[in-house]
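Take a look at these structures.
Note that chain A is present in both complexes that follow, paired respectively with chain B and with chain C.
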Partner chain A sequence: MQPVLLANRHGLALNWGVFHGTIRAMMLRWASNTIQLVRGPIYPLLALITYRIIYDISGQTTIDQSHVMGFLVTGILATQAWQATVWGAGSALQNEMWSGTIGSVLMAPGSSTAVILGHTFGNFLMSAPSLLIAFIAGQLFGATYDFSHPLAIVVALATVYLSCVCVGLCFSGLFILSRNANAFANFLQEPIHLLGGFFISRTLFPDWIQRISDIIPLAHAVEALRKTVLEGAPLSGISRDLLAAAITSSIFAVIGAWSLARLDRAVRRTGTLDLL
Partner chain B sequence: MESSQSLPKPLAPTLRIIGATAITAARNKIMGMGPLFYVMVWSSLPLFLLMSVMLIYRDDTELRNYALVGGAGVSLLFSMLYGAGEILDSERQRGTLGNLFVSPGPRYAWLAGFQIFNLLEAAFSGMVALVTGSLLFGIQLDVNPLSLLVSLLLFIASLWGFSMIAGAIGVAIRNANQLSNLLFSPILMVAGAMYPVDRMPEWLRIPARCLPFSYGMDALVASVTTGASLASLGHDFLPLAGFAIVLPVLGIAAFNRLERMSKRTGSLELMS
Partner chain C sequence: MTLVLEREQTAPVFATTNAIEVIDLKRSYRKRKGWFRSGETVEAVRGISFAVPQGTIFGMLGPNGSGKTTTIKMLSTLLLPTSGTARIGGHDVVSDEMAVRRELGVLFGGDRGLYNQLSGRENLRYFGRLYGMDTRRIEQRIDMLLERVSLTDRASERVESYSRGMKQRLHIAKTLLHEPEVVILDEPSIGLDPAAAIELRQLISELVPRYTVLLATHDMHEAEVLCRELAILDKGEIVAKGSPEQLKSSVTLDRQVHIVLTQAVAEAHLQDVMLKLWRLPSVNRVIPGFDVQGQPEITLRCAEATRVLDGALAILREAGTAVRTVDVREPSLEDVFLQATGRTFEPAAVEAA
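Right, the complex of A and B next:
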């Protein structure tokens, strides 16, 4: 009873503690896994090189008037943001399930959203070295960046990450209920890479794929980021993309918040969450 | 237990172990996820990766044909590499990996059972990638069935051996799935699944030629898209046959070593 009272009186502080504690636990777990430590920075670099080879072989040096490497580096940034959100939350929840602790995590007085956001932001922090390496590699291989509008870049970057959080939030309920969060994250990865236009210009899509792609907030956020980082567009030049990202993100976020609230009630009622 | 290991094993019980393990693995995976969810997960990567590459190669028919079959090859790589790791990790997490290792049956029999299921899985997702790619991009195939069969047999034997080695190392370091994650990207880069080896940059051809993947991919693509004969694929088959012999032997040796190590240290089911 006491923890519930505590949650009511100091909900924000409690959830901040849960959020902070989740990030710390993730960091410690990550630091103890040598393979993850090695793989983290290598993966985006290899993806960057692989796509560069594919474009070189096909004879394309520019995509949407931008240098291939610049286009790909921003795509890598988007993949890292996406992985941090969906993979981070998905794998983390699955691990809790395997460890038999998912029930405790969700039954605890802190909000499950704080736990999921903790996993998400922990993953953002852990992806920082990968992004730095991809950025440097991009520059070494010919990417040119335009930092003339730093505010627009910061806003676009924040939009990419927020879009990921909203999409991740939307799917997190399904992750838990499906009891296959890892597999579900696996399933989502490549479609999102394609539909988000991470490595391919969305202008190449057939109409029907284009329409599906328009629903994904990340696609608009990544386009905004590319316009400002690669073409030097000011905030006004990316406002349409930001608006589209904001609208679609809001829809995903509302669905996510609704489904998580329902999930909280459902798992407390049925008590079947730890079943494998 | 040791004495039973040294006795010659009759074939029938070994085949029964292989069959039972394959069925168990299939049931666990398909029913665990649910059939619909299972199909979605295992066809997603090859299908969408293929679509991405095909869109990039939209103006080059030769590369598109290559990428189409390469996409099916990615399924094979993905299933063989991840399948073993994922299953072994699951067994460890359930606390049943130790039981498997101390059971009197040969290790490579139950691992082969897991891998047979992985192969069927790969065949399914490869077919999905191939058929969908052909329909979406209107590609005509010219298949030489004999060359395709030999290519598949040699390639699968090589991949099986490789996955045995990777699986043994993965179990030894208690993180088979993470090891597969670590290996998949560099393998994909040098495998020639998305571009032919002879169009790779020079620095990449050297590791590509030292591994079985590019020979297997090359042979698969040629036998499916250009109807290449057995004789014309000799330059791929010869090295691939070498890998198909050496890698399974090394894989079995790796698992035997792992078994001895795990019995000595008793650390097989530790989680970290």
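Right, the complex of A and C next:
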């Protein structure tokens, strides 16, 4: 038998192709869905308005010395990052199950991690318009931003997304083995929003809850983002937050890589993957 | 490809030209009954062995629950066998799954397996990426395959607008995209209308000798017209194996000759006519009756229909009755199944494993 596929890509080149091929396919599928196109930018706007009303009712106009609106916009940004990456990573293979393509995807030589990351970054790109709208809406309603250290902002923003990717990778194996990604993602959403300090300052939590939230990389990443965007902190001013985010993200990433490496074997043993 | 084994009489001796080799493959699983109740163990595949020479179509024929799909899942590396060995192109499906995946193209039956929101061409592009093909090669293969499956004109339309037959043809293109050596087709014509099924079968028949094809089906006609060799499965075991002709000729059940008459044999002669018919060579039974349209009919059950026909027609002419139609029913693959299992092939009559 001739090894006809010798000409095909292997290793990194193969998985790079899978990664951007997945992003492309995702974007095309997304662009074909009118409801998604409309819903995407509106959702963060609604969340922003809702939380603003809650804070108005409580009479609070600043949080951690920042204007409520600025605090909320960065919180919205974090929720978008969370949704884009965790939902993207967690439900990537489940979406393949629903399409009935999971067998074809797993059978292909490309890595399932490359597929998951493709879904994750595809979601990230698709959330970009929402972020822009949230930023503009925040400014219209009183938020003030300080862009004096753009590099620090970019690094903090990247840290928010990378933290989400690591948490997402950690859960994607669990999502798929449990065969119920959506239930898990829904279950995790509110605790993560709370512990990550997306809309409520972590300084208001009791000590024991703050300790729990310390292990969530997003909490540190969001604090770094707020310091840069709202207070104009330079890189040196957020180094502790970045370090904490890096350490906790690494833990989630290692668990994720470990579980995904075992995923293939596990699903081959149970043979239940395509039975959903 | 390496020579795999030479075992005692029960196991096949594989030639070096076999693209698929399966030896005593078994798969059992435990039925899930809930958190605290362990279910019974089900043996989905109970030690099957077969070999498929390169460039041929081999059929796995069996009713629902006979173990076809479980076998395919094991061969396509999606499911680990409980025991036994399977090789695709000489690569072990358990220990060398990446090599197997590169050599294999699998078409899973049913309506799903494609991205409905993407066009046919975009679907193929994505699957090409999953196999590490570069852009130029992907486009070349897509153009060629779309032409082959007659979808060039509809390639830019979303798959959700395709008919079932078109989807199946696109599935075939997807399966062949990365130029696998071995193609596994799991119920490819399921749910297709007769015209689309014929078209698809034509397409499948053209895959050989370039590809080696393993075809799982419960459609006897499909298996008979497409496969050079067949394994008939029932309850996880191979109950018969051989070419369709060999299998049918192995049937020891009677052939049936149905003779529909224009008018019934007169009551006075009936006993005599039946006795004469029964005395014809190889006739075992003579059954008078009526066909579905209420026409008088005589059914002869015999070992060899050709030795009976002339004599039977002469006897009936002599009795003064005219023959309307003669229908000789040779053994079918259904008879092979019946002989091997004692049951009919009807899916409803079969207990799902």
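Quick notes on this one:
We take it that the second predicted complex is superposed on the first by the 263 of 276 C-alpha atoms of A that agree within 3 Å, B and C clash if a C-alpha of one lies under 4 Å from a C-alpha of the other, contacts with A are read in each partner's own complex, and residues count from 1 in each chain.
Rule of thumb we're sticking to: contacts are C-beta pairs under 8 Å (C-beta built on N, C-alpha and C of every residue); 3 or more make two chains touch, one makes a residue touch a chain.
Every value quoted in this text rests on a predicted model; they were computed, and no experiment measured them.
Taken together in the superposed arrangement on chain A, chain B and chain C fit without clashing. In the superposed model, A:47 lies in contact with chain B only, and not with chain C. Looking at the shared chain after the overlay, A:105 reaches chain C, while chain B stays out of its contact range. In the superposition on chain A, A:32 contacts both chain B and chain C. In the superposed model, A:65 lies in contact with neither chain B nor chain C.
In the superposed model, A:203 makes contact with neither chain B nor chain C. Contact with chain C, but none with chain B, is seen for A:13 once the two complexes are overlaid on the shared chain. Shared-chain residue A:21: touches chain C; no touch with chain B. Taking the C-alpha centre of chain A as the apex, the lines running to the C-alpha centres of chain B and chain C meet at 80 degrees, rounded to a multiple of 10. Touch criterion met: A:184 reaches chain B, while chain C stays clear of it. No C-alpha atom of chain B lies closer than 6 Å to one of chain C in the superposed arrangement. Counting contacts as defined above, chain A residues 32-33 meet chain B in one complex and chain C in the other.
Chain A makes touch with chain C in their complex at residues 1-2, 4-5, 7-10, 13-14, 17-18, 20-22, 24-25, 28-29, 32-33, 99-101, 103-110, 115, 265, 267-269, 271, 273-274. Within the complex, the chain A residues that touch chain B are 32-33, 35-36, 38-39, 42-43, 46-47, 49-50, 53-60, 98, 178, 180, 183-184, 186-191, 193-194, 199-200, 204-205, 276.
Looking at the complex, you find that chain B touches chain A at residues 32-33, 37, 40-41, 44-45, 47-49, 51-53, 55-60, 63, 93, 173, 175, 178-179, 181-182, 185-186, 188-189, 194-195, 199-201, 204, 272.
Remark: chain C residues 1, 19, 27, 29, 54, 70, 73, 76-80, 89-90, 97-98, 101-104, 106, 108, 110-118, 122, 125-134, 137, 158, 174, 178-179, 181 touch chain A in the complex.
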